[in-house]
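Should a chain be cited, it is by its letter among A, B, C and D, assigned in written order, with residues numbered from 1 in that chain.
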Amino acid sequence: MNASGFLSQLLQLGIALLLAPLLVGWVNQCRAWLQNKSAPPLLLPYRTIRKLFLKDAVVAATASPMFRIAPYVVFAAMALAAAIVPSLATDLPFGRAADAIALVGLFALARVFLALAAMDLGTAFGTMGARREMFVGFLAEPALLMVLFTASLISGSTLLPTIVDTLAQRDLAIYPSLAFAGVAFTMVSLAENARIPVDNPATHLELTMIHEAMVLEYSARHLALIEWAAALKLFNYSCIGLALFLPFGIARGSADAAAILGATPVLIAKLALGGLALALIETLSAKMRIFRAPEFLGTAFLLGVLGMLVNLLLGS
Amino acid sequence: MARPRNLFYVGRVLFSAGALVGLLLAAVALVGMNQVPHTAVLPLGLPDLPFHLRLDALSAFFLLLLGAAAAGISIFSAGYFRASDGAAPGLLCLQYHTFLAAMAFVLIADDAFVFMIAWETMALASFFLVTTDHRLPEIRRAGFLYLLIAHIGALSILLCFGVLQGGNGDYTFGSMRSASLRGAWPSIAFLLALAGFGAKAGLLPLHVWLPEAHPAAPSPVSALMSGVMLKTAIYGLLRVTFDLLQGQLWWWGAIALVLGLVTALFGVLFATVQTDMKRLLAYSSIENIGIIVAGIGLAILFKTYGKTLLAAIALTAALYHSLNHAFFKSLLFLATGSVLHATKERSLGKLGGLIHRMPWVAWLALIGTLAIAGLPPLNGFVSEWLLLQAFLFTPSLPQSFINMLVPLAAAALVLAVALAAYVMVKFYGVVFLGRPREPNLAYARDAGRLERVALVWLAAGCVLLGLFPVQVIALLDAVNVLLIGATVYRPEAGWWLLAPIAADRASYSPAIVLVVTVVVLLLTIQVVHRLYHGRLRRGPAWDCGFPSQTSRMQDTAEGFGQPIRQIFEQFFRIERVLPTPFDAEPRYYVKAEDHFWYWLYLPIARAVDWAARRVGAIQQGRISIYLMYSFLTLLALLYFVG
Amino acid sequence: MIETLAVLSLPVAGALLLAVVGERAAASRLNVAVSLLTWLASLALTSKFVRDGPLLVVDKLFFVDSFNVFLVALTAFVGLTTAIFSRPYMQIERDHGRLTAGRLRLYHSMFQVFNFTMLLALLSNNMGILWVALEAATLATVLLVSLYRTPASLEAAWKYFILCGVGIAQALFGTILLYFAAEKLLGAEGGALLWTELNAVKANLEPTVLSLAFVFLLVGYGTKVGLVPLHNWLPDAHAEGPTPVSAVLSGLLLNVALYAVIRCKILVEGSLQTSFARDLLMGFGLLSLVVAAFLLSRQKDVKRLFAYSSIEHMGIITFAFGIGGPIANFAGLLHMTVHSLTKSAIFFAVGHAAQKAGSQLIDGIRGLITLSPAIGWGLALGSLAILGVPPFGVFASEFLILTSAMREHPWTTPLLLFSLAVAFAAVFAKVQPMVFGEATAPRVPHRPAMTPVFVHLGLVLLLGIWIPPFLASWYRQAAKLIG
Amino acid sequence: MTHVPLWAQLINVLAALLLLLAFAMLAQRRVLTLINLFAAQGFALACSTAIVAWATGQAHLYGSAALTLLLKVILLPWLLHRLIRRLDVRWDIEGLLNIPTTMLIGIVLVVFAFNLASPIEQLASTITRSTLGIAMASVMLAFLMMITRRKAIPQVIGFLAMENGLFFAATSATYGMPMVVELGIALDVLVGMLILGVFFFQIREQFDSLDLKHLEKLKEGE
């Protein structure tokens, strides 16, 4: 692990931390446009985070240290994930610290901590949120892994950098298995990032919320970290998706600061497209009942498995 | 008879000594891992078959597991057992240490006879431990079921050895290794071993005793049973399949794989709907055993197709998971023991908020919870990661059926692991988090000093096993060499990076994950507090402005499991009592049982009963009829002769 | 010579003495003393055997070889422990008014007579005397079985008398046929019924006659062994007689009857040179095992339960001898030893348990371990031992039997294992609630004599993990003899 | 056919008588007659034993004959007579099988026994060897009789008749067993009869009858 590699790593992490709220802002703006609403400012998420940091934290009297530590854990896990996902370059030092499976594990760690924190206070909504979150997670996580496995089978590696390298290296080829995986991945991403049709990030309607129910009791800096972590999660998922399905423009080979900075505009462009697509999906679909979620995610899971099978059947 | 008080102190001293012996055992095993097998013959046993003992890498590994886990559990027991617990402490101590010794003998046995003796002594000692609190009928029932299935399993193992010796009449393992079995015999031996050891391990459909017996036993015993005893079954399966049987068949692997995964899924599904914390952990043990057996199945599969590296990875995963499970499951069972002692309550519906009253137990249990949920950077994740690697790098095997099976199996495994996280969040959240569901939980006291030491030991094991997989795998390679003939340890990848196949194909570095996470976490805390402020106010929970909240409004264990119960409704046999609007005392009751009891066990019991009735009919009480039996026997035999 | 005669004459003297002494308090002590002397004499005999090898005394009428030497020691030993056990047991029975002084006198006297007949049957070299001894044993125990004079005990005794009487009559016919065949070779006088003589010429005995004789002998002595379907007297007699009698019936009589069968089998096999005798033994053994295993689950009376368990184990032993060969025979002999020790220990424990609970019904006995830990543990460990759970000796012999069966007759093993599993489930399901749980009966203030139980179980445990070399060598020689 | 000495012919006649009596007992339902038939059988046995004793010169067989006479012809019938008079059991109930069927089975048994015994008889050195088949047949008939009776006394008579058959085999077919054995057997029979007598009284005390239906409580089937 040399110094320049470390620097590049920090750079990618910094860019990810910076870009993540922007992506959320962009998606919100796109959605507003698509729904013929007046859009909120693009930089609103930054302002929200700053505003939250400035506030006094209010913590319920019944909270244990778990409640306070969780936002930091979640944030740290998401930041680490952002460092690992090859969003800008493939040859980064941390890229090998965790492969696709470990990445999913990292997401799960964040999810578990958030769920535990939600249960900590012993409020009705908190526990409900935690239950629903775990309930979504238990199907989404395998589905995501299936998608990643499909890609792994093609490239013979579970390391995301290697997957990207392999996929980007080849000529444009259509992998039928990746088509399945792509659909599955989209579905999982929606669920994991608390998007319509599984959850609604904008709602506070008690009976339908999942993510919001869990973070209901958080305020100020804790909430800010959670929001930021959520934004990072969206960013990470988007980057994974881009790396798997549009692995172009990512700095391969040597990853010095210049290469990273060179890859950034491409990433922003791809993210803009992705964000638009997400907003489109959210606009076009309706929120489903919570008990339909397993069907939705089960479909995603099955598509992921089908992707693997197709890959094995047709060969990569 | 010594007074219980004296015995209590004796127990304390003896249990501590037992812990030391456990450590010693682990140390010996550690040394023995990489040495040539030691053998010994004791002048006991049958005249033609004295006790043969042997310590090779496989034995040493499991001995290490036994010693390390038992050290923690014994220390815990030293502080745990009290005179008021029903059985005399001296007796308990005797049974406990017999149990430990029997397990150790199982691991170093080198002939069928001493193996069977140790095996059954183990079952017997644990049976008496399970029924410590024998005044409760359900505990007696659990004990009966346990011993019965253990005994049936033992008969199957005995039969397996009978097949293995291949007609030469020599029951030492050494001669079984060299026996050449022909035709279907190896397969029969394997199936018998799978059934016999599966009964002990809790494989479907012989698992029914496990969720009964584990909750019934005192917690250290549950820990020992779940953490260590189940592993002796894994040991036995490995010993028979890889060591005693020469050459395997691919479909054995397929069977073990499918059975393991079905067991894993079954276990975890049932764990989600449990309302008793120890039952929940027991079902979780079924799940983990399923994962381990799936790993073994995969190893067999790969080995038969000559993919030794992958076989070694799968085997490593299975062994690693055994070790991990020994640590985190013991930790969790001991934690439930502390909770049980502090609250006298096992039902999840009556616990909650113990993190405030029992911080030591709660935080240490958190480590176990995260580890068992398979989250990085703890130990549970490493073994599951390894297993998934083995799945993923299945190059196209010659059997297309297997090629299709592997991804499906991977999917099932992932599903089971994900559900495990669900289960563990439920377990931890309901027991330790939230608000106390019963008023008397306010009097709960944290665990004593010895108990804490034990929990710290086991939790440290979970963390260290998670952080240093490369070193652990280096150790495990001795077993791989013995059983598969391949190694997984790649020294060139560095001490911090786990890359079993090739550095560019898969790698994982828990150390980096932990360090980075901790650094980011600390940095964030510092930055946030420096740049802004650290002001904090305490207030009542908001909960969407809902007034007058009570602790009853939290999700119960049933509530938490309800979505899973609903989705997988067909898998459960659900008994439900719903209150009507007019009930004066509304009562809600739901019980999710498994179908096996009704579909498999009861029919068998009925069939035996039917047969017994038929046979009983020959004894009518009339002496003439009895005389006629004698007469007819005589005539028949005479006819036969004449 | 002296030792042999001492072994035989001590119980006779004891019986006479006890008949004279009658109902005095010293009677039970005297009973123990006589049994102790008998046992010591048997030890002396054993040590003489160890020193000098096989004995043939009193005009070849009695003999000691490796097959009967351990059975003699075992018989005397179980006789002693039973006498020790019955001291407090019968006292309590008397205190409860179930027995009168006269009956006690009968009991003590008959107990010694029974011991005598057992030892006589074992030591006798003459097949006719063997028959006489076994018939006498039946007569002695019939009186003991009906000791309580309850309707059930009378019924049991009647059935016992008739069935065993008829059975033993068949055995006499078999013996006559044996004589019929032997007399041609050995002459009318002298040796024609001496086993050692017969054994020497067994290859020349007429096979047709011998096979016919064996059928009668097997049906005859088999009735006493309790082989299905000839077993019907056994559960009744065990259940209704006083417990010490059940203990010696199971622990001694069945063994000795089986000993007689095996002695005959040796001759027949030597003459026939076919597997006829073995096949018969295997068939009876297997049938007994299976039927008893199923019947176990239907028992309501605890002594009846263990009576069926005796049938089961006699089936196992018979089966083992049916397999034949050094290992299976060795296992059969070992099983005879451990079954005798274990089963009598169980009956001791059961007897005390029934006294404590005031009932012999399984449902009436609950929570022994709280009522009296010694009885509870004795019964629990004894039952587990008899069910073949290691490390007890029963497992060692069952291990050997099963493994031999696997080698010689693999098709029987599933059947064996299935029966063992059924038996395990049946017995353990019944014993567990008796031992564990809350006690229902009030505490009866009496001290049970549990020493015999634990001494027996200790021996069984020892045999499970270590067989003394001298015993092993006897077993080996006897196994070779049995063929 | 070789020349058969007179005493051997006598024994053969007695053997035939024995078998005939066994048949008669099988068919007889009157208890009193049964006892008389039994006594007659005992007498035939005693006679044949005495003849064998005379012919072979074995003195102890005379003792045997005397004992048989004493026990089976005088003592036991007298005892049984007294008993039935006291208990008033004159008729037995028909048991499992009716008498014609029983007789048919009996004939089959006799054929069976003869068949079984014939190869052995060829081998035998004694002149009276053919009596072995008859002995076996009468044992079997007695066995059959025990099965078919529902009362205690006829059953015991069956038992005793079986012993008659056995003794016949022991004395006539093989010219007697060694003395020790004979003495032992005789002692056992004597003691057995005594115990039986005690038993009858006990049973009667308990049940007020000697009907075996009272003795069918201990069983497994429902």
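To be clear about the criterion, a residue touches a chain if its C-beta (ideal position, glycine included) is under 8 Å from a C-beta of that chain, and two chains touch if they have at least 3 such contacts.
Keep in mind that what you see is a predicted model, and the values were worked out from it rather than measured.
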At the largest C-alpha centroid distance from chain B we find chain D
Most contact pairs found between chains A-B
Taking the mean of all protein C-alpha atoms as the centre, the chain whose own C-alpha mean lies closest is B
In whole angstrom, the CA-centroid distance of chain B from chain D equals 69
Whole-Å distance, C-alpha centre of chain A to that of chain B, is 35
When centres are defined as mean Cα positions, the distance from chain A to chain C in whole Å is 78
Chain B to chain C, mean C-alpha position gap in Å, rounds to 44
Chain B touches at least 2 other chains through residues 613, 615-616, 618-619, 623, 627, 630, 634, 638, 641-642
For chain D, residue numbers touching 2 or more other chains are 116, 143, 146, 155, 215-218, 220
Shared-interface residues of chain A (touching two or more other chains) are none
All chain pairs satisfying the touch rule are A-B, B-C, B-D, C-D
Listed in rising order, chain A residues that touch chain B in their complex are 53-54, 56-62, 64, 66, 72-73, 75-77, 79-80, 83, 94, 96-99, 101-102, 105-106, 108-109, 111-112, 115-116, 119-128, 130-132, 134-135, 137-139, 141-142, 145-146, 149, 152-153, 156-159, 162, 204, 206, 216-217, 221, 225, 291, 294, 301, 304-305, 308-309, 312
In the complex, the residues of chain D that touch chain C are 116, 119-120, 123-125, 132, 135-136, 139, 143, 146, 152, 155, 159, 162-163, 166, 169-170, 173-178, 180-181, 184-185, 187-188, 191-192, 195-196, 198-199, 202-203, 205-207, 214-218, 220
Listed in rising order, chain B residues that touch chain C in their complex are 43-48, 51, 112-113, 116-121, 123-124, 131, 134-135, 137, 140, 143-144, 147-148, 151-152, 155-156, 158-159, 161-163, 165, 167, 169, 171, 608-609, 611-613, 615-616, 618-619, 623, 626-627, 629-630, 633-634, 637-638, 640-642
The chain D residues in contact with chain B across the complex are 95-96, 109, 112, 115-116, 140, 143-144, 146-150, 155, 212, 215-222
In their shared complex, chain D is touched by residues of chain C numbered 61, 126, 128-129, 131-132, 135-136, 139, 142-143, 146, 149-152, 154-159, 161-162, 165-166, 169-170, 172-173, 175-177, 179-180, 183-184, 188-190, 192-193, 206, 208-209, 212, 235-236, 239-240, 295, 298
